[in-house]
Amino acid sequence: MESVGSIIMYAVVALTIVICSVLAVTTRKILRSATYLLFTLFATAAIYFMLDYEFLGGVQIAVYAGGIVVLFVFAILLTSRPGHDSEKLTSRSRRTGLVAAVATAIVCGWSLCSRSALMAGLPQMSNPDMKLIGARLLSSDAGGLLLPFEAVSVLLLACIIGAVVIGRRR
Amino acid sequence: MFSNPLIYFVVIPLVMLGLLALCSNIRQIRAVAVTGSLALTALSVWLVVEYLHLRAASDAPMLFLGSWAWFAPLNINLSVGVDGISVAMLLLSSVIVLAGSFASWEIKEPKAFFLWLILLSTGVFGFFISIDLFTMFMFYEVALIPMYLLIGVWGSGKKNYSAMKLTLMLMGGSAFLMLGLIGIYYHSAPAGQPLTWNILEIAANANIDKNWQYFLFPMTFVGFGVLGAMFPFHTWSPDGHASAPTAVSMLHAGVLMKLGGYGCFRVAIYLMPQAANDLAWIFLILTGISVVYGAFSACVQTDLKYINAYSSVSHCGLVLFAILMLNTTAMTGAIMQMLSHGLMTALFFALIGMIYGRTHTRDIREMGGMMKILPYLAVCYMIAGFASLGLPGLSGFVAEMTIFVGSFQSGMTDLLAGHGALRLTFTILACCSIVITAVYILRVVGKLLLGPVYDEHHLALTDATWWERLSTAMLIVCVAGIGCFPNFFNNLINFTFSPEIFTVLGLR
Amino acid sequence: MDATLPIIILALPLFMFLLLGLAGVKMSHKAAAWLGILGMGTTATLSYITAFTYFFSQNPEFVSATGERLQHVVFNLTWLAFTPDLVISLGFLLDPISALMLVVITTISFMVHLYSLGYMEGERGFQRYYAFLSLFSFSMLGLVVATNIFQMYIFWELVGASSYLLIGFFYTKHSAVSASKKAFIVTRFADLGFLIGILVLSYYSQTFDFIRLTTDSSWVLASTGGATFMGASVLTWALVLIFMGGMGKSAMLPLHIWLPDAMEGPTPVSALIHAATMVVAGVFLVARMFPVYILEGSATTIIVVVGALTAFYAAMVACTQIDIKRVLAFSTISQIAFMMVSLGVASSGNGEVCHHGLGYMASLFHMFTHAMFKALLFLGAGALIHAVHSNDYTAMGGLRKYMPITHWTFLIGCLAIAGIPPFSGFFSKDEILSAAYAWSPYVGIWMTVVAALTAFYMFRLYYLIFWWNNPDYGHHTPHDSPWCMNVPLVFLAAVSCVAGFIPFGHFVTWNRMPYDIHLDPVIAVSSVVIALLAIALATRMYARENSLPARFRAAMPRLWDWCYHRFYWDELYIFITHRIIFNGICRPIAWFDRHIIDGTMDSFATLANRASDEIKPLQSGQIQQYVWIYLMGALALGVITILCLI
Amino acid sequence: MEITALYYLLPALFMFCAGVYGFITRKNMIAMLISLELMLNGVDMNFVIFNRFLFPGSMEGMYFTLFAIGIAAAETAVAIAIIVNLFRSKGNVDVTGLNEMKF
């Protein structure tokens, strides 16, 4: 049995996620959409904190909320004028989208709800220690993640170069 | 590996490919092409001699055996080995490659052309030396694909259409073939023993049960039969040949179509004799139709290459027809017919190419009296024509007579044993083709070579150059060689039909 | 016997062919011709020596103690072994008929070689001509000395090809080209029968070898085990099919149509191939297989019927032709038919020979004499054509004054063929008539009528050329030919005068036992009288210009038309080949191939194209559509997975 | 009341579905990209939640998310570069006009 505080906390966070994500995809002002995305990301970070992954939550806020959303904002400012709305959705495209979303929700929701394993409570876990995370990330032993780490670093490099090349004014 | 002489049939073309890639001018390219094909010819002549020598002392079904693992999990090996048939086929191929090199002396973009041509011949040689089904199939594909480019780039007329059609139809055949080969592989050995692709082992195991044979035999026979221009899968041949450049037509009709007949024998019949015996009637009807149908079609064509392509349908039909007689004599005849048809049709295509290169038309209605204008080429054409219609002293006669005698024996045996008169009827029908062949050959000879000169502009044409003479003379000598001394080839081939498969069949 | 001479006899003409064929272009006309003549002369000499040795040396290899002439195989090399039993050998069989043919072929060939020196002078391709003549001689010699039926078939095809080449020698002429084509294809068609006949026969007998087949032949019949096909025994079928080959080469009805057209070739070639040697190959074939033929009475009866009909038909047609070479061609057909009938009547029809096998001897005797006088007539005709530059008798007339040598030799030829003693034709034809009367009086009378017709049309020809009127030749007066053309004429005329006195029965008989010829006085006298009457009629009608021929023609216009148009055989053949085979079979098949078979294959491609066109819009470039489809697919898969897991 | 895994998963699913809806309906490429981020985020959450609830001892899910965040950042950067470039050449960021590379 959880404490009432954590239940309230959960309800707030979950509601934020639900509402903001819906708003993010339905609002016609693109800048608002980015803002709702920011809220959703923060709420996600909150979930991570609630699940005792503080480091991950931190990364989420720093990279996603801090980095990516800023990128979005810049991009939006570069590609649209203030007050410029997105076009109105046609009912047909709205219907397609809704069908897709609802179908996904039904299939996934049904398959989630039919698993009894997901009805278990939160097991005990000590917070992952920063040192442990770092060591694991840079270890080449069994279970070490040096290779993906390096691969990602190369990928990031490639992305940087790619972004520069693509974005460069010709 | 390199101590086995057979491997050089693949190594030499590969070395040629490497050297060609380094060549920078036409002289070097010619030098490489001619030296390489001469080496191959020399090698195959040596092989014939050595094979006969070794065979006298051995009773193995194949000689020069060798096997090198290639992909162990599926037991794929580069297995090589030859018997009399393969030796004969190698000789044929090398002669035609040599003649083809001379015939394409002045081709445009020679480097690329020869690269593809030599790649194609690599496939051909590899096919004939392989006794591993997978390797065989691989080389088969290697031989087919360059055809698309060779026709599509260097061809004439509606070359794109033809190249596409040819490649697609042959690929369609390959699809059947591959299915059949994989089927054979999975039934190649009794339960508990490792599966194998090796033809000799499969034949020795004789493990493919009857019902599977009924399924796999048509697959492989049709697969190879498409390349052997079996009715109704022959229509790639007229269009393909009509558009192909000279050397490619030569190689294709001369050698590549032989892959079909060879494969039908080596794979379909050799490995699945029971189905071959029981289902032969279906294919006898089809190939019997090919023989007559091709000949009749050739009678009304006006394009030289079409005439020759339909004549190839008829002659190659005879090859498959004879193989299906399941009689030693007829099968020997089939192999002789492959040799004979290979040489003479290569000669035909070479000559047609040379004539076309001068007159820029292949329509016999627009030519006439070539005997007066181009006496050398005309005489060669006449010799090729006579070979085709089966004049004694040239190769066609020998092959056809062997086939007819064998088929007739087979047909009568069938009839007297109460198995119906199908074989006999179709044998007689096939015999009729000698008359129809005479009709269309003489029609061409009469219109193209004889008679008054049709077009005054043609009077200025010059006769064959030295390389053209060399190329055609070489083929004529071979055609006459087979025609005059058939027993040499008869022995070379006939011995190979070891009684094994006939004991399996238990007949004829 | 030593094999050297026989090998040279065969090899020399072949060598000459290769030499003149390959190197001829580099030679002068004269050199090439003399090389050819020299080669043929040598071959002829060697053949004479061989034949002489065979007939007169009394060597035990050639003659048995009882006087039977033996069949001697000089050499026999395996050429192609189909099975251990069925082997094609190339060999040299020396026996009476092959020795006879050696002499005939080389003599005529040598004469023609010599004659052509004058006749073909200055023609384009002179060397080629001699090369082809050598090729023909080689093939013909190979044919007659064949030791097995397949060797015969091989050379049979080769003579066909050389005949094709020689008929089409003037290849720039359309008519020559189509005549050569026709000759080849018609004989090829006949050879198809020959081939199938060989296949049937060899299936049962398991041998191709002539000696085995013809020695005590009854085993051949036994080997078939009494099998029948469509009411006739298989042996009959085999023999009739083999005879079909003979019908083609020997121009028997209905396969005769090529021979008149073959006259498009140079005249010496007609003399050699289409009168003396190749066209009697059919007769030779039946003679060679004679012991087998007498096993089946129905086969020999067919031979008699075909021969008799052909003889009469050709004689009728010969009476109306304008082209002198065509007259001679039909006369040849008719005379060969005589030989065929003669062979047929030598068999009694129940496995025995009739009248001691007289017909066999008579047939070959006639073949010999006919070869000489028909070659003479053709060469004479050649001299005339050479002088007048036309083939038609309408352009000739009164030539006896201008061309005395030609005239006299031609007359001898005519007398010989008409059967007037003491010329050779009398003797041989008389034997044939005797044999025919002995077999059946009806056939005898029929053949006597044909003999009378022969005398009539030959003298009609003779008179129309040498008498009749005397047209204006202008400044181009015809004159006799150069010596090289006259020598053969005189030689052959001399032979025609004396050949009848050869005791032929001592050399060639069906069982190779010597046999004395005696003339049947009744038949001899009656046939001579009839021949003389026919000649008298011809003299009345044609000796000088008058209106009698035209009146005859007007009296029987229908008959004359049919004869003149050769009973419309050619039209029938053209109808069959062009209308039925070419337009009725070949064109539909070609259409079927292009539109149905190829159309089906193309339609697969079209179908694939169509399908891809239909599917293409799925690839719209709208990423949202892709996602939607992808998502639905993924969900469907997910649902299926979940359902399966449950 | 106990907050089980399902309670965490359902908001994540909702976020994902919202992303799907947005991605399919919006024409503005940046809006689509935002929807994409939502979907990605929903999936990330799943990793973490499953990790936390089912395998509390190990950290694979967390690391996966960690990498996914890094890669998402890179991907967004490239995507935005492309979008900006497209905007320069076409003057708008409407996805429906971009079908030159079909077939």
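Each chain gets a letter, A, B, C and D, in the order it is written, and its residues are counted from 1.
One rule holds for everything that comes next: contacts are C-beta pairs under 8 Å (C-beta built on N, C-alpha and C of every residue); 3 or more make two chains touch, one makes a residue touch a chain.
Given the structure is predicted, the values throughout are model-derived calculations rather than measurements.
Participant: Within the chain touch network, how many edges lie on the shortest path between chain B and chain D?
Facilitator: Between chain B and chain D, the shortest chain-hopping route counts 2.
Participant: With contacts defined as at the top, give the pair, C-D or A-D, that has more of them.
Facilitator: A-D
Participant: In angstrom, rounded to a whole number, how far apart do the mean CA points of chain C and chain D lie?
Facilitator: Spacing between the chain centres: roughly 94 Å.
Participant: Could you state the distance in Å from the CA-based centre of chain A to that of chain D?
Facilitator: Centres of chain A and chain D (C-alpha means) sit 7 Å apart.
Participant: Counting in whole Å, what is the centre-to-centre distance of chain A and chain B, each centre being its mean C-alpha position?
Facilitator: So the centre of chain A lies 66 Å away from the centre of chain B.
Participant: Distance-wise, how many Å sit between the C-alpha centres of chain B and chain C, to the nearest whole number?
Facilitator: Going by mean C-alpha positions, chain B sits 37 Å from chain C.
Participant: What residues in chain D touch two or more of the other chains?
Facilitator: Only 20, 24-25 qualify.
Participant: Would you mind listing the residues of chain B that make contact with two or more other chains?
Facilitator: Where chain B is concerned, no single residue meets two or more other chains.
Participant: Indicate the residues of chain A shared as contacts by at least two other chains.
Facilitator: 93, 96, 100, 104, 108
Participant: Taking the touch definition from the header, please name the shape of the chain graph: line, ring, star, complete or other.
Facilitator: The chain contacts form none of line, ring, star or complete graph.
Participant: Please give the residue numbers of chain A that touch chain D in the complex, ascending.
Facilitator: Touch residues, chain A against chain D: 1-2, 6-7, 10, 13-14, 17-18, 21-22, 24-26, 30, 33-34, 37, 40-41, 44, 47-48, 51-53, 55-56, 59-60, 63-64, 67-68, 71-72, 74-76, 78-80, 86-87, 89, 93-94, 96-98, 100-102, 104-105, 108-109, 112-113, 117-125, 128, 132-133, 136-137, 145, 148, 152, 155-156, 159-160, 162-164, 166-167, 169.
Participant: Name, in rising order, each residue of chain C that touches chain B in their complex.
Facilitator: 78-83, 86, 88, 150, 153-155, 157-158, 161, 164, 168, 171-174, 177-178, 180-181, 184-185, 188-189, 191-192, 195-196, 199-200, 202-203, 582, 585-587, 589-590, 593, 597-598, 600-602, 605
Participant: Taking the complex as given, what residues does chain A use to touch chain C?
Facilitator: 93, 96, 100, 103-104, 107-108, 110-111
Participant: Under the stated contact criterion, what part of chain C meets chain D in this complex?
Facilitator: 616, 619-624, 627-628, 631
Participant: Once bound in the complex, which stretches of chain C touch chain A?
Facilitator: 624, 627-628, 631-632, 635, 638-639, 642
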